[in-house]
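Common to both upcoming complexes is chain A, partnered first by chain B, then by chain C.
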Partner chain A sequence: MTATCAFFLRRENLLSLVEELAETLEVVAPVRVEGVATFATWRGEALALDGDNLLASPLEFFLPQKEVLFRYVQYSGRYTFSEDAPRARLILGMRPCDLQALKVIDGIFGSEIPDRPYAGRRMSTIIVALNCTSPGEGCFCRSMGSGPGAEEGYDLLLTDLGRGYLVEAGSPVGVYILRAHQRHFEEADPGDFREKVRLLALTGEEMIKRGPSLNPEEIREAIDGTDWKEAGRRCLACGGCSLVCPVCHCFSVIDRGVPDGERLRCRDSCILSGFSRMTSGANPRATLGERLRHWYLDKFVYIPEKTGLFGCVGCGRCSRVCLGEVDRWSPFKEATE
Partner chain B sequence: MEKIATICVYCGCGCGLFLHVEDGRIVGASPSPAHPVSRGRLCIKGWLAADFVHHPDRLKTPLVRKGGRMVRGSWDEALSLTARRLKEIREESGPDALAVLTSAKGTNEENYLLAKLARAALKTNNVDHVARLCHAPSVAGLGFALGSGAMTNPIRSLLSSDAILVTGSNTTEQHPLVAAHILEAQSRGATLIVVDPRRTQMADLADIHLSPRLGTDVAWTNGILNLIIELGLADEVFIRERTRGFSALKELVTRYSPEAAERIAGIPSGDLEKAAVAFGEAARAAVVYAMGTTQHSCGTDNVLALANLVLATGNVGRDGTGIYPLRGHQNVQGACDMGALPNVYSGYQKVEDPAVRSKMKEAWGTDLPSAPGLTAVEIMGAAEEGRIRGIYISGENPMMSYPDRQGVKRALSSLEFLAVADIFPTETTALADVVLPVASFAEKDGTFTSTERRVQRLRRAVSPPGEARPEVEVAADLLSRLGIDADYPTPEDVMAEISSVTPSYGGISRRRLGISGLHWPCPNREHPGTEILHRDSFPMGRANFFPVVHQELDADPEYPLLLTTGRSLFHFHTGTMTRRTHLLDRELSRPTVDINLEDATALGVRRGSRVVVESREESLEIEADVSEVVPKGMVFIPFHFSEAPANQLTAKNLDPKSKIPDFKRTPVRIRRADP
Partner chain C sequence: MKMDRSKIGRDTLGGLGGNRTGRAAGAKPESYLPIQAEVVDIDVESSNTYLLSLRPMDEEDELVTVNYSPGQFLMVSVFGLGECPISIASSPTRDPLQICVREAGRITQGIMAARVGDVLGIRGPFGNGFPVGSMRGKNVLIAGGGSGFATLRSLINYIADDRRDFRDVTVVYGARTSQDLYFTSEYGSWQAAKIEVGITVDMMDASWKGNVGLVTSLLADLDPAPGTAALCGPPMMIRAVAKDLTSRGFVESDIYISLERHMKCGVGKCEHCTMGPYHVCTDGPIFSYDVVGELI
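Let's turn to the complex of A and B:
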């Protein structure tokens, strides 16, 4: 991508820029809570941009684990409804894999009749992405074509060049921010761009060196040949793989409170039997093995059919969080080797 | 959005998690990657740990019974009534007409103050809690054998084991994070031996699964020990240098030859030998157990037999070895540590010891009763007989969790005064004269002590609903109203008092509890905590072998099936929280009785049939589930469901040594329900 608007930001200027942004917006950024880097509202603390991508993905700022769709109040037999307006937010430090995941979600929640709460949050959120130069052990974004560098979908994109960041605008909002806060920036020189390309190439190579690459087409082919019964024996049904996945978006809706109350949308998981069980008690995916198979099929068959994009971005979170201590991609690594 | 680092409220694993808070509401949760137990993982209950917190059913105002109806009252009204009625009963009938049941869901600080309320303010040692129904045999059995009833090693230690024997524990469902450690050890090459009558997931994943007949734990444990001794796999150096009483044990276990063990326990002698060799040959072996071991009328004997096994093989005091009683509530260890037991003050200091009593008397500035009090189930019995007339219950739901539900109902209904503090209305609050709305785990500060003796910080993420208050404030308020000085501006001040009177907590203070907490014993501010107990010596010098014999319980021809009660993965205890968690209740929304295919066929019962389960006590109607998990002759009912309260069927058969009821073996019969 040719940078029509790009600057260099000295390391020491990042915090003062964030401070200025936080005067008008809620800034969400990786900060340390009890020693753990996690996305939270920035309150002046040090930023935790280095290191592995965060276990809790930033998807929750677009699709919260639990959200109030609306509140209902009954009065004299009539119901009135109210909903909250989305808040203006800036998310700093979103990695390319999570950016790609958002693109997939856009294809599901943002197409045809857009999902209102999602679209509202999406439109009121500014994304400052961070190119990945420190992939985690289980990351394979390069194989999935979603990293380590971001191509699109951001308002601003940071690349850590060591002494500071190359900052590129990817949208009019991004350009506006660069202009409005110009005093923090310096001119970027051509060497900065070359350095960015070099660093991302290095990162990509490192990911390839680390292990067998996973090819999405081959994974799709291998799903049918996998022994799902055996895979299901070791699944402890925690649902973690779908709760951390930045692409998993399934939900259930419940009303809490009679006669007044709230309609809630809660993250759900196809690993749970109740997700596919019908009222009669019959379950088309009755065993854990079958439900695991569905989890992969959704990512490599159903979501691509709907959106044209793979439902896996290679962030590796599912293996990090697996309670059964299973590398979720090992069956395919063997198959694609 | 804020992320608050805190501790899960469910089982004893004590997982570290973040609560995600926006605009004063919890909108999500995620595991802490830095926490030593959760390591970035949680079970499904953990992921949904805070789901119930904003449920509209939460108790929000104090309720007072007036003219047979519960009406809203102020805190002042509710607490002054509570204090006045408790005082009146004490004056009329003496202090032992009162009792306090504390909560394993409460913090250490709350449990300490409630135990103090019983002893210092009400002047009775009638204080107990749910540990009586789970690990009283461990406190008694391991206390005798090793000098401490707690887990000897941290959970992490299992990663270094070469053989792990899991018995009476449905680990993947009840302690999923412990199971994750065990499975990781197995992947690294450890042999996993699971002894369980049921073919649980843990049993399915085991290298060796032994399925004994219910109630024969002593027999097969002695059988394994006999084989280990015969094969020369006992650790003679350890036995000689660190234990006493081995020769009597050695002689006794010869009665449990593989053939005898097979005859009694129904385990094929070849399988028993395989298990004995795997356990005996392992350089580092561990024993993990839970309710399937303890909830028997021979619960203490079962624990003693397992203790004999680890001692005879020298598997104590090193990384990768040890005995792991898995505790079922996130703070049941802490509630025991805090002296919410009828015979001990905090840190297991005996109430009968005059030196201890005089120390506590000085600390609390008042006279204290010297005789041990009644245990939980005995308290119910005494209430039924009219000897106990007033009870304060904190967050327990005996109507669902205690044996003999009808008896509990008679007991609680016959009380002159019952105060219950809880977060939701329960079957027990329905019988109360005063209901006190208290803060849930997400709404208060304090400390929890997990199953591995890890004292950890609980952090307030949101405010309690309505007028609900943290129970530490309620307990302090009641103490003051009953004339005991209780100036505790924060839970930290309570912890300061706890550490000043409790040697094993001497070095614990909020400020020292980082992400990993501290393992007690931690006697002083410089002490790093103790991960592994009994490294060089036991509290009483040498460990004790205590030979135990199998006692055959008579079969009841009229009630040919044996009922075991327990929990499921998706619900917790009496369901107060999980049944209000949408995804969990959807996963398992109604009770069933699990029946083996053969028994079901004989009874003419299919999956989904309505059946009547009858015991000598009572009967209940429930849906049948035909399953290969339970063996022939055994049936299983979880006790989460008020629609079919399993404890309607159980009896008050107590283990004489620890007073735990026999939840795991109730003779029943089953017939199809009339259409």
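Let's turn to the complex of A and C:
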């Protein structure tokens, strides 16, 4: 998208802009919680926008680990229900990979029979993305076509140019924010755009230097040739990969409370043994190898079939958390080398 | 992995006469909020299986009781215990809406503990249903095993109420013992509607004077002419029956299987029911054998 509206924001003005935005909206931004940078509701802390992408993806603010679908209250055998309305929210600092992940989730939760809790949050969330100029060790967004620069899907897009940020609007809402808070901004000059392009190209090259690029088409083919039984032996079935993956969206539903209570939706993982098990005890994906294979097939074959987008955005989080100390992409790196 | 959704579209969804029951195109977002339905009648089908008749509490929800296809399912809630998929056992041509519930786990126990006048939550109908449109004008063979017969009863009664539209109709059904047979009081009405009915049990007992053996042995006796088929039962039975039918000249793409999977949402989001590239809840639960033969 070509920005029709762009400004320059001095580094020292960012916090005062956020302060102003937080007067009317819940602002979610990377902040340090017990020393660890994570997305959380901003309450005046310093922002942790620099460095690698965060381990916990901002998907939490669209599909929380745990949410109340509705509450039920019983009177005389009949029930009265209540649902929470979504809150107006602004997410600051979403990286392009996570933006792409959200687009994939849109294709699943926003299509066919749209998911109302997700759609509600999605519609009421303003996204201020941050182009990635500091990729993490295991990042391969460039191979997946999801970074390091964002092309679309944001209301505002920041690029860190060192002395400040280039801020581009990507939607009418973005333009409105820039206009309403104009006093924080300065005119962007053509050099700022050139600097943005240079930094993103540099970041892309950096990623290539680090290791073999993973070609999604080749991964797709390599899935068939992988020894999944062996992969299953190294996996500890902790489900950590699904927990941090910005595209993983499996969930379970449980009730809590009798006669009054709430129906909760909790994120689940297809890596866990009981995920497909039926009450009869029959389990269509009984072995860990089968479940791992499904995890990759879903991301590289099934989700693309459904949404037209890969179910992996190359954020590398799954490898970062893998307790089996497995680079989750190593079989494919070997295959594509 | 071979994937061919166009095949599904043609063979199952396409045959539905557009009745993915108002939930596909332009469907309203799923809020996961069930409607409340009162249990108006309970029939005991076997020692561990009840047939419950339901009526939505709210008049505006009453469309649910007619706007469905045989083969579709509901997500049924017992508040406090949870929600699970249960196939619809009644035909949309008849009142009331009925579900057949066999005691299997906590939630089904909760549903079976309901008394007349109690309220259950329902969402749906979900899934594609049997392609009754493409079954019209053809021979229909219906084969059920165990509790899988519940969803087929919907189809049988649907056909019985529109009998002239179908050619030869044959029902074969097997259960463990004669005590486990469902809908025994209805076999006579099916026969009266010129539906051939064959029943068998796995184990003989004193009260049983009928067939003993597998469903496939009934096929040998009744020798159904090729046409379309609707199957629901344990995977072993499905494979045996499908193999038998193809040897009789049935085409794999005309053999429709109703599948069972663990489900949490019913709308293709939670991923529990995935089977290869398919979501059993939205792409199924009815699949043609050429599409899922390798996957079951």
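We take it that the second predicted complex is superposed on the first by the 336 of 337 C-alpha atoms of A that agree within 3 Å, B and C clash if a C-alpha of one lies under 4 Å from a C-alpha of the other, contacts with A are read in each partner's own complex, and residues count from 1 in each chain.
Basically, a residue touches a chain if its C-beta (ideal position, glycine included) is under 8 Å from a C-beta of that chain, and two chains touch if they have at least 3 such contacts.
As the structure is a computational prediction, the values presented were derived from the model and not from experiment.
Participant: Sticking to the clash and touch definitions up top, decide whether chain B and chain C on chain A clash or fit.
Facilitator: Pair status: fit.
Participant: Does the superposition put A:F251 against chain B (first), chain C (second), both, or neither?
Facilitator: second
Participant: Could you tell me if A:G191 is touching chain B, chain C, both of them or neither one (first, second, both, neither)?
Facilitator: A:G191 contacts neither chain B nor chain C.
Participant: Counting only touches as set out at the top, which of chain B and chain C does A:G51 meet: first, second, both, neither?
Facilitator: Neither partner.
Participant: Could you look at A:T38 and tell me whether it touches chain B, chain C, both or neither (first, second, both, neither)?
Facilitator: A:T38: touches chain B, not chain C.
Participant: After the superposition on A, what does A:D268 contact: first (chain B), second (chain C), both or neither?
Facilitator: It touches chain B and chain C both.
Participant: Just chain B (first), just chain C (second), both, or neither: which does A:P172 touch?
Facilitator: It touches nothing on chain B or chain C.
Participant: Answer with first, second, both or neither: which of chain B and chain C does A:G145 touch in the superposed model?
Facilitator: neither
Participant: For the superposed three-chain arrangement, provide the angle chain B-chain A-chain C between C-alpha centres, rounded in steps of 10 degrees.
Facilitator: Vertex chain A, arms to chain B and chain C: 80 degrees.
Participant: Just the number, please: smallest Cα separation between chain B and chain C in the overlaid arrangement, in Å.
Facilitator: Least C-alpha distance after superposition: 10 Å.
Participant: Please report the chain A residues shared by its interface with chain B and its interface with chain C.
Facilitator: In chain A, positions 252, 254, 257, 261, 268 sit in both the chain B and chain C interfaces.
Participant: Along chain A, where are the residues that touch chain B in the complex?
Facilitator: 28, 33-36, 38-41, 55-56, 60-61, 64-67, 233-234, 236-240, 243-244, 252, 254, 256-257, 261, 264, 266-269, 272-274, 281, 320-325
Participant: In their shared complex, at which residues does chain B touch chain A?
Facilitator: 1-5, 16, 18, 20, 22, 26-34, 40-44, 46-47, 51, 55-56, 172, 176-177, 179-180, 183-184, 187, 201, 204-205, 514-515, 569, 582-583, 586-587, 589, 608
Participant: Provide the residue numbers of chain A that touch chain C in the complex, in ascending order.
Facilitator: 69-70, 72, 74, 77-79, 81, 83, 108-109, 112-117, 119, 224, 249-255, 257-259, 261, 263, 265, 268, 270, 275-280, 284, 294, 297-298, 301-302, 305
Participant: Of all residues in chain C, which touch chain A in the complex?
Facilitator: 1, 3, 5, 23-24, 27, 29-33, 36, 57, 77, 79-84, 104-105, 108, 117-119, 121, 260-262, 264-265, 267-277, 282
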